[in-house]
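Note that chain A is present in both complexes that follow, paired respectively with chain B and with chain C.
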Partner chain A sequence: MTIIKISDLVYTYPGASKPSIDGLSLNIEKGEFVLITGPSGCGKTSLCRTFNGLIPHFYQGVLKGQIIVAGQDVTDKQTFEMAKHVGLVFQNPENQLFALSVEKDVAFGLENLGMPRAEMRKRVDWALNLAGIYDLRERSPHEVSGGQQQRVAIASVLAMQPEIIVLDEPTSFLDPLSAERIFEVIYKLNQEQGITVVLVEHRLDLTAKYTNHLVVMDKGKICFEGNPRDILCNEEISRIGVGIPKATLLYKRLKAAGFDVNMQTPLSSDELAEQLLKVLDV
Partner chain B sequence: MSVFDGLKFRKVFSPIHNLDPRIKFIYVIAIFISAILFHQILPLAILFLIQLPFVFMARVQKQWVKSLRGAAFLASFIFIINILTKFFYNNWTLTAFDIESALGMTMRFIVLVESFSVFFLTTSPDHLGLALEQSRIPYEFAFAFTTAVRFVPVLAEEAQTIMDAQKARGLELEKGNLLKRIRNYIPILIPLIVSAIRRSLELAEAMESRAWGAAKKRTNLYLLKLHKGDYILIGITTIVLIITIYVRLFLFNSIPLISSFFF
Partner chain C sequence: MITIEDIHYSYASNIEALKGVSLTINDGDFIAIMGQNGAGKTTFIKHFNGLLKPTSGIVRVNGVETTKTSVAALARNIGFVFQNPDNQLFSETVEDEIVFALKNFGFDKETIEQRVVWALDFLSLTQYRKTSPFLLSGGERKRVALASVLAWDPNTLVLDEPTIGQDHEQKEKLQQFIMQLQSKKKTVVMVTHDVEFVAECNPRIILMRDGKIVADGIAKDILTNSKLLEESSIVLPQIAQIFTKLCPLGLPANVINMDEAETTILSHVKKEGE
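Our next item is the complex of A and B:
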């Protein structure tokens, strides 16, 4: 079942001379883990904003084309209606938490929806547990670490039980270890809760292994889409400015040097190591 | 960042901190009214003393003393102005009674400062925000209040970063006369304001994404409920008010002056 269907989308911010999204079509199936990457300014963030109607409702501007998300036409629905279907997690963890306790922040969306207290309590605890921050619930969001803040942000959209979670470079403020933990939380949600995940990320080293639907964007368009094992082998991709995993690079060089390692394109160091060991027969 | 340290509330747990902020506020108002009704030093001293148990129960003595010390300048100002007016008004003479009434005025001010400082020292901002939310004030205002409190440390940190960055580029903050010094802060303020505006846009975006404005009637995760302590405080407040009004109406002129014991 297609949960996000975007056809021939062209979007220009108010006052901008050229469109940020320029003729983009994308289909995402329910339960997929989609990874979107591309150089800065390629329209990734704008694309994320269209999923819950921040574009065009919050940002105004000119929008052409059609966006259907979870059966709703985004251009007809207000953002707060879309919020029940699509949860958005932003780049800067600090600027998406407003309350004075973690727990209250997670409840923020539910309070807005007017949910009865008893049910809200249950949902908040559920979301806190899934994000692994139940112990932090009474702390103030600004006194926990960046990685924990980002998990609070994830829990707070999770509490609204959306079908889709969209994360716009959620780890760009975090160190590699915290980033990896965030990705594990996201992957778990995708696998165990069946939530469709759209992740925008530069760090393919850490994330390519989770997906089989990679989207590479450049200049407001999609230039590559499909299985990362095929795409990351493509020579043209290095010209766009995509951080190809080191394991994949090494594999490519080995192949170019004439080593017939006879294996599928590795996406992470672990995969490469495992396969090399097999080939070398150690 | 010492300037902003005072704005940070540290979580302490004590029977006073756990009281309902609304009741505490009513109590403060009651003390306030009582202090206004008297000018004699004796009842004002009693009002001062009956608040001491709260300070000790809440274990905020240190901060409380600090806030009183902060008020000392204004208090001595009030005292001196009172003495001077009495002095000139009574043709360059000063009696013990005059000094006592000046002391009474000062005492009244100290009682007011004391009660408000106890309130703010023992009420956490989220408690206060919650009280605002649940006392029929439009949610937007309560939200603005808690968000402001939430972002004070964030903005303070940012101001520090900008200051460091500008200093690293050769800005001298502590140079020149007063006017020059104030002008020195412009390269700090402009980036701070710009980034605050950008931050507010991001916040608005995040709020929209979490269904801000979806339901007409918002619910709340927490519910303020009155506990045993709150009822005790209601009792104390009522007793203070009854005694105050009774004394004011029937015994006002028979309140003894301290100086009358000596002369």
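Our next item is the complex of A and C:
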């Protein structure tokens, strides 16, 4: 079942001279883990903003084409209605947090849904624990570090248990191990609960292994889409400025130098190391 | 030169963020400060230009104690680029943002124009010269903040998470630029979680944990010490992960960058073939 269907989308911000999204069509199936990447300024964030109607309702501007998310035409629905279906974690957590305590921030969406108190308590604790911030629950979200704020933003969205979670570089302020743990949590929710995940990331080193649907954008368009193993061995990719995982790049460079490790394109260091051990062990 | 002697720092809420930190940064040093969230990294670097004054201990910049001078006086020599560009940007156009500091430091009109053109071009922002920074993407705004500091060419550059939101090409440019600054004996200190970037840049690494410095050494040593890194919530760079696993083949375990990885494996293959 197609849960996000975007057809011939063209969008221009108010006052901008050229469109940020320039003729883009994309289908995302329910339960997929989709990774969107592309050079800075290519329109990734703008695309995310269309999934819950922030574009065009909040940002205004000129929009052509169609966006259907969870069966709803986004241009017809208010953002708060879309919020039941789509949870969005922004790039900059400060833009998302406003309550007096971490806990209240996480509970806010549930309060709006009118969820009974006991149920809400359970849901908030569950989300705080998943994001690893249970101990921070009584702190003000504005006095915790940038990385911790990102966890609060993630917990707030997880608590809502939406059908679709959209994350725009959600761990950029987090230390690498914390980032990996957050990605693992999101991957687990995707695998076990069938939540559709759309993740925007530059750091394919950390994330390519989670997806079989990679979308590469450039200049407001999609230029590659499909299995990351096929896409990342394409030479064009480096020219666009996509950061190929180091393991993939090393594999490609060894091959170019005449040493074929003889495997499908690796996406992680584990995959490459394992095969190298086999091939090199005499 | 910046000398830091046993500084402690407590925020108003009585949380002690720095618990006795000493460090000497010489002219021309290239340092990456790493460590988990909340380790005190940002608090620490804010002492370099007097934005924060230590609760106890001494910070000297070129021999002058930061408690005995102003942030403005220190600013000419130390350029700061913060983690979140939105805390730094305020002008109506990208150009005005870059011009602001140049004017304040009293550069003449011709130099200002020259520096603006250079900074815009260097950070791929020329097309946005007359655009409001707030219409740009997160990664682009970060580059505007960087451009506005690079334009006045400070002797010491302090960068808090410079690679956030930057694509591969921008990271490579930043790396090349840091190398260029190195050749001019400029000092660069960056706070970063980006192990892959650090592995390619090869700086001296200061590892912080819980308000203290727990390790200080070259990238090759620190980034291959899995126990030390794990305690600081950092993962090994991918190349180091691969070489850690290749130990049984008799290959060196302390390889962290791409070029060395390629030559090491190829020469091993060649040797085995003979």
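Rule of thumb we're sticking to: the second predicted complex is superposed on the first by the 272 of 282 C-alpha atoms of A that agree within 3 Å, B and C clash if a C-alpha of one lies under 4 Å from a C-alpha of the other, contacts with A are read in each partner's own complex, and residues count from 1 in each chain.
FYI, contacts are C-beta pairs under 8 Å (C-beta built on N, C-alpha and C of every residue); 3 or more make two chains touch, one makes a residue touch a chain.
Given the structure is predicted, the values throughout are model-derived calculations rather than measurements.
When the two structures are aligned on the shared chain, A:S156 is found in touch with chain B, with no touch to chain C.
In the superposition on chain A, A:D230 makes contact with neither chain B nor chain C. By the touch criterion defined above, A:T45 reaches chain C but does not reach chain B. In the superposition on chain A, A:L277 makes contact with chain C only, not with chain B.
In the superposed pair of complexes, A:E94 makes contact with chain B and with chain C alike. Using the contact criterion defined above for the overlaid structures, shared-chain residue A:D8 touches neither chain B nor chain C, since it reaches no partner.
In the superposition on chain A, contact is made by A:S178 with chain C only, not with chain B. The intersection of chain A residues touching chain B with those touching chain C, taken from the two complexes, comprises 92, 94. Those residues of chain A that touch chain C in the shared complex are 13, 15-16, 38-41, 45, 91-92, 94, 143, 145-148, 169, 172-180, 202-203, 205, 238, 241-247, 249-250, 253-254, 257, 259, 268-270, 272-274, 276-277, 280-282. Residues 13, 35-38, 42, 83-84, 86, 135-140, 143, 161, 164-171, 193, 195-196, 230, 232-235, 237-239, 241-242, 245-246, 248-249, 258, 261-262, 265-266, 268-269, 272 of chain C are the ones that touch chain A when the two sit in their complex. Against chain A, the residues of chain B that register as touching in their complex are 124-126, 129, 143, 146-147, 149-150, 153-154, 199, 202-223. Chain contact summary for the complex, chain A toward chain B: residues 49, 52, 54, 57-58, 79-81, 83-84, 87-88, 90, 92, 94-101, 103-104, 107-117, 120-121, 124, 140-142, 156-157, 160.
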